[in-house]
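Listed after this line are the structures, all set down as structure tokens.
The following pair of complexes shares a single chain, subunit A, combined with subunit B in the former and subunit C in the latter.
On to the complex of A and B.
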């Protein structure tokens, strides 16, 4: 019985949050890795792209709520999501036309692109703060839980409760759908195949008649969708705050590099590696240990390896380890 | 127009901006702009060393600046003997244990043959070391933070003159830069960017959370100053008499005088660093750095150790940022970890270097002053602009209120726009590299 309680506590505090967070990171890292594969630079504006897409979604959500449209038990934000994606895509395509295209035709060095993306980051960050302000926004509505702690206890008679938030369920389901669609697109459709060809060998792809501008445009559209979905899911699960989205850059980059920059499957694996390490290392294991271990071995303290304030340190250390021992990442990405 | 004339024109323009601020706003704010402009120019010099000389992309400037700030506290604050007696030694021992663990793991990695045994041994060393470290460390920290938490609750500093903190800040930053450079240099260029971004966040997190070190978000206030206090000057009859001789009010004269002393100190540091950077740029070493920047493969073929040279210049540039950070904390008179924002301390410095002219020390200094002035002035200008735009709207109309409230965020937009415009239309900056 105690072991069962330990497992329930572990799922409640570690497994479920980490799976949800991992899905969000994976979607973010997929965006970074796609840009890296096709456009060949690390996009520092990605966190703020997520913030911008989320902001569009929030604004539409508010509009829906004010005219009485709601998603019933599901958050209204899901209905607003397509509009958010459209808003984000419009901005991203505009930045590509107005800014990145010039450097692409010049064949500028990747590091120049990175600096340009810094400028874009500034502007997007400014836009988001300008429109919605720098404060915390909560926009989740509908049912809060799929299973609440009380229901679970009544159902199983265990001492420990297990809660699954609606947002966590939605996160995982959405992520699975999005990833399935993305891989179908990349592996089965003509455009997806031309994208992969372009990523593998630009010159050969150009020779075989692939239109580079079209590949780039499709990439940006996919990135806008991925970034907005990742941002909205994160915002539903926690809350929306522009600065937090900027800070997400670090775990997202860590995830993309751990998996291997340019490798979509690696980005997903990396997202979960980072999320699970972050949650397990900053979780206080006292409760689980008290159930799982005999009384004599039960810990006195919180049994927490690092305080939650250092969660960035976790992604950073994993990043350093990967850079030191396997710079191409788990799924041998590009290392130019 | 020759280069010299053009440069004189640019710096004359900066002087007009600062003096104009003095006439239009106040002389105190003009000197405020000047002092921070001097510090910004030093940071820009450091980044120019990394980017302009060597093409290294460092986005962790904030972290190195914050380490400089930490040095100010560690050097200049008086020590807290009670806290030291309660747990200081224990904390220090635990830190030594932690360092020994990492060194041990590295030695084991070097000594053992490659294979599964080595991995297991390293993990075991790190694991055991971490728990031993935490066991010693936690108790020490609790004891230290329990002593007089309202006013101290930390170990204090060494009680040395604050000027010593400036080079020490540089050393701290150099140490952090060495660790980052050792891991991330030699790999592709983006990795250094991401690693530096990470270390900056972590340094700030440490400063915010390790109360025993520098009181965390409770802030350390009242740092010793290299300049006299205004109130002492106002009570000093000789100073009051001198001020009266210039026809000045003693309160005004004292604030101006203190700021001038700071400006003199900062200007001295800037001149020394500028001369050194200029000498470095025009030495064989500087030419080698630029050769490596422009063609790594060719430089390597000439027998240059690219990774080692990169590490060298990365450490030097970060050290300069650390010095600037220590100077800034000295000027503020307090260490407030909560105010370190990457947009303000990292990306703004980048805008300075790019706008001024990467690869040119004079350009970096110019960019430092110009962009700092813009950063300070965008807010009042933006507010004025918003008032103009919204003047036709009714009082209390939601859009008007919103626009006026958001004027503060004009800064980010403006900086992004300036960066993109310069990169697009004048990628070599105002004073291009020769």
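On to the complex of A and C.
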């Protein structure tokens, strides 16, 4: 029984939050890694792309709510998601036509693209704040919990409770579906294969008749979809605030680099590595240890490796270690 | 000849200005509050409170030579010391304010005091900076506050918890001067009284995810979670995550957390939680709320009464010194705030000014029962609140 309590406490405070956060990071990192792999630059505007897509979704959600459309027990935002993706894709394609294409035709160096994306980031940042404001926005509705702490305790009679929020469930399920679709697309369809070919060797791909503009366009469309989905899931689970999305850029890049830039599997693994390291290393193991170990061995202190103040330092230490010993990342992406 | 006339005219002008400095017909008071940032939801009422006192005095015409008092607002941002210092610098050097009502958060208040107020020799009275560190800061006698130090709040929290039989709490604080100061003061006091703080963990404001912090707090355990944070920022995030994971059911809310946002964000979920924020049952508090209502703002907002009092004290001290010069009137702040003298309540500022002019002593009680102690800070009165049916209400005064 005590061991069960230990497992439940661990799941409630470590596993479930980390899995949900990891899925959100993984979706974000997938977008970054795709751009790096195919367009060959680090897109600093990714965090704000997520914010823009989420903002579109929120506006459509509010419109739906005001005319009485709701998703029942599920958040209305899921119904609004396709419209959000469309809005985000429109902006991103316009950005590509208006800005990135100019540098692409000049065959500009990657570092120039990085700086250009920095400029795009600030413009998108301002655009989002201008339209929806800098404040917190709540847009989740429907059932809040799949299972709440009180229900779980009543159901099992355990001392420890377990809560699974609806948004956490949706996050994981959506992430699995999106990743499955993406891998099917990249590995099985003609367009997906041409994208991978373009990523591996641009000149060879061009010689074999692949249309580069089409590859670029499809990449941006996928990135818009990934960014919007990641942003909406994060916003549903936590809350939407433009500044927070801007800050998300750091863990997302850490995830993409740890996994290996350009490698989709690496992006997913990296997302979870970062999420788990943030939560587990700063977790105080006292409660779990008290349940799991015999009384004599139970710790007096908190059994906390690092204070929670350092949780961001943890991700970056991991990033440094990976870069020092495996510069291409865990899954051998392109060298940074 | 022409030169001589020019020179004498210029001298006369300068003498005129110097003379007007002592008996200005316009008194400018800087209002430096975090109109943007973590306290942005309570600062509008604070600013309005201070400006109401100024309007009252202007209407009475009793200050100095029937001076008009104007407010010049500056944004302290609450967290960005650089921006706050720049705003204060602007108020003093470019707007020429004669005194400062502010700032609000402890960190920026300390920065403004050291970098701007002392450098320019301008009095500042903060309505809400509560860090114990400010009690011992070098201030050249220029700094006062109508809010009590958190060392005092530490005692209040300990008393309230122990009256309820709570002996084991977890503690989280926002990672800045205010949070750290309050947390340390409370922990020292609580442990001295025999209580146990199972874990004291900082949280950063402006993050969306607090699962790591709440995980650690839950592992520490305890009957109640003391959240020394801000209601607009991480404090609410911590409460949200703690409720969702079932880590804690009851919370203790210090002053930075008490606000209407709690009712909005959580409502029923907080039933049984409690806290305390500065406030008093002196008749001054009630009449302030009425005045505020007439002026069109919420007089029950946290630190709004203290803001009114801070502005009123500045003007009383100027009247007592018969000067708007900080170096002269800083000596009089204690005299007008404390006994002996005729007690002055909100809405009676004109009466107080007339009494001072007639050479009598006053004891300004004001909206928050101001009594300055030690290095110039309020002794402090707190109202204890409790949540029932999804809203909080005051149950007791301490």
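We adopt the following convention: the second predicted complex is superposed on the first by the 326 of 336 C-alpha atoms of A that agree within 3 Å, B and C clash if a C-alpha of one lies under 4 Å from a C-alpha of the other, contacts with A are read in each partner's own complex, and residues count from 1 in each chain.
Here, a contact is a pair of C-beta atoms (placed from the backbone, for glycine too) under 8 Å apart; a residue touches a chain by one contact, two chains touch by 3 or more.
Please read these numbers as outputs of a predicted model, since none were measured by experiment.
Colleague: Would you mind checking whether subunit B and subunit C clash or fit side by side on subunit A after the superposition?
Modeller: When both complexes are placed onto subunit A, subunit B and subunit C end up clashing with one another.
Colleague: Let me test your reading of the model: by the given contact rule, A:127 touches which partner, first (subunit B), second (subunit C), both or neither?
Modeller: first
Colleague: Going by the contact rule set out at the top, does A:250 touch subunit B (first), subunit C (second), both, or neither?
Modeller: The answer is first: A:250 touches subunit B but not subunit C.
Colleague: Which partner does A:238 contact after superposing on A: first (subunit B), second (subunit C), both, neither?
Modeller: Only subunit C is touched by A:238; subunit B is not.
Colleague: Is A:150 touching the first partner subunit B, the second partner subunit C, both, or neither of them?
Modeller: Touch status of A:150: second partner only.
Colleague: I'd like to know which partner A:139 touches here: subunit B for first, subunit C for second, both or neither.
Modeller: Neither subunit B nor subunit C is touched by A:139.
Colleague: Per the contact definition in the header, classify A:309: touching subunit B only (first), subunit C only (second), both, or neither.
Modeller: Both: A:309 reaches subunit B and subunit C.
Colleague: Taking the superposition on A as described, I'd like to know which of subunit B and subunit C A:100 touches: first, second, both or neither.
Modeller: Neither subunit B nor subunit C is touched by A:100.
Colleague: Does the superposition put A:220 against subunit B (first), subunit C (second), both, or neither?
Modeller: So A:220 meets neither subunit B nor subunit C here.
Colleague: Touching A:287 in the superposition: subunit B (first), subunit C (second), both, neither?
Modeller: In the superposed model, A:287 contacts subunit C only, not subunit B.
Colleague: Do any residues of subunit A touch both subunit B and subunit C, and if so, which are they?
Modeller: Residues 247, 307, 309 of subunit A touch both subunit B and subunit C.
Colleague: Looking at the complex, which residues from subunit A come into contact with subunit B?
Modeller: Listed in rising order, the residues of subunit A that touch subunit B are 41-42, 44, 99, 102, 110-112, 114-116, 118-127, 129-131, 133-134, 246-247, 249-250, 253-254, 257, 261, 301, 305, 307, 309-310, 312-313, 315-316, 319-320, 323-324, 327, 335-336.
Colleague: Show me the residue ranges of subunit B that touch subunit A in the complex, using the header's touch definition.
Modeller: 55, 57, 59, 130, 134, 138, 183-184, 187-191, 193-195, 197-199, 201-202, 205, 208-209, 342-343, 347, 350, 354, 405-406, 409-417, 419-420, 423-424
Colleague: Name, in rising order, each residue of subunit A that touches subunit C in their complex.
Modeller: Where subunit A meets subunit C, its residues are 9, 12-14, 17-18, 21, 145, 148-150, 161, 163, 165, 234, 238-239, 241, 243-244, 247, 278-279, 282-288, 302, 304, 307-309, 311.
Colleague: Would you pull the subunit C residues touching subunit A in the complex into a rising list?
Modeller: Interface residues on the subunit C side: 175, 198-199, 201-204, 206-209, 211-216, 218-221, 244-247.
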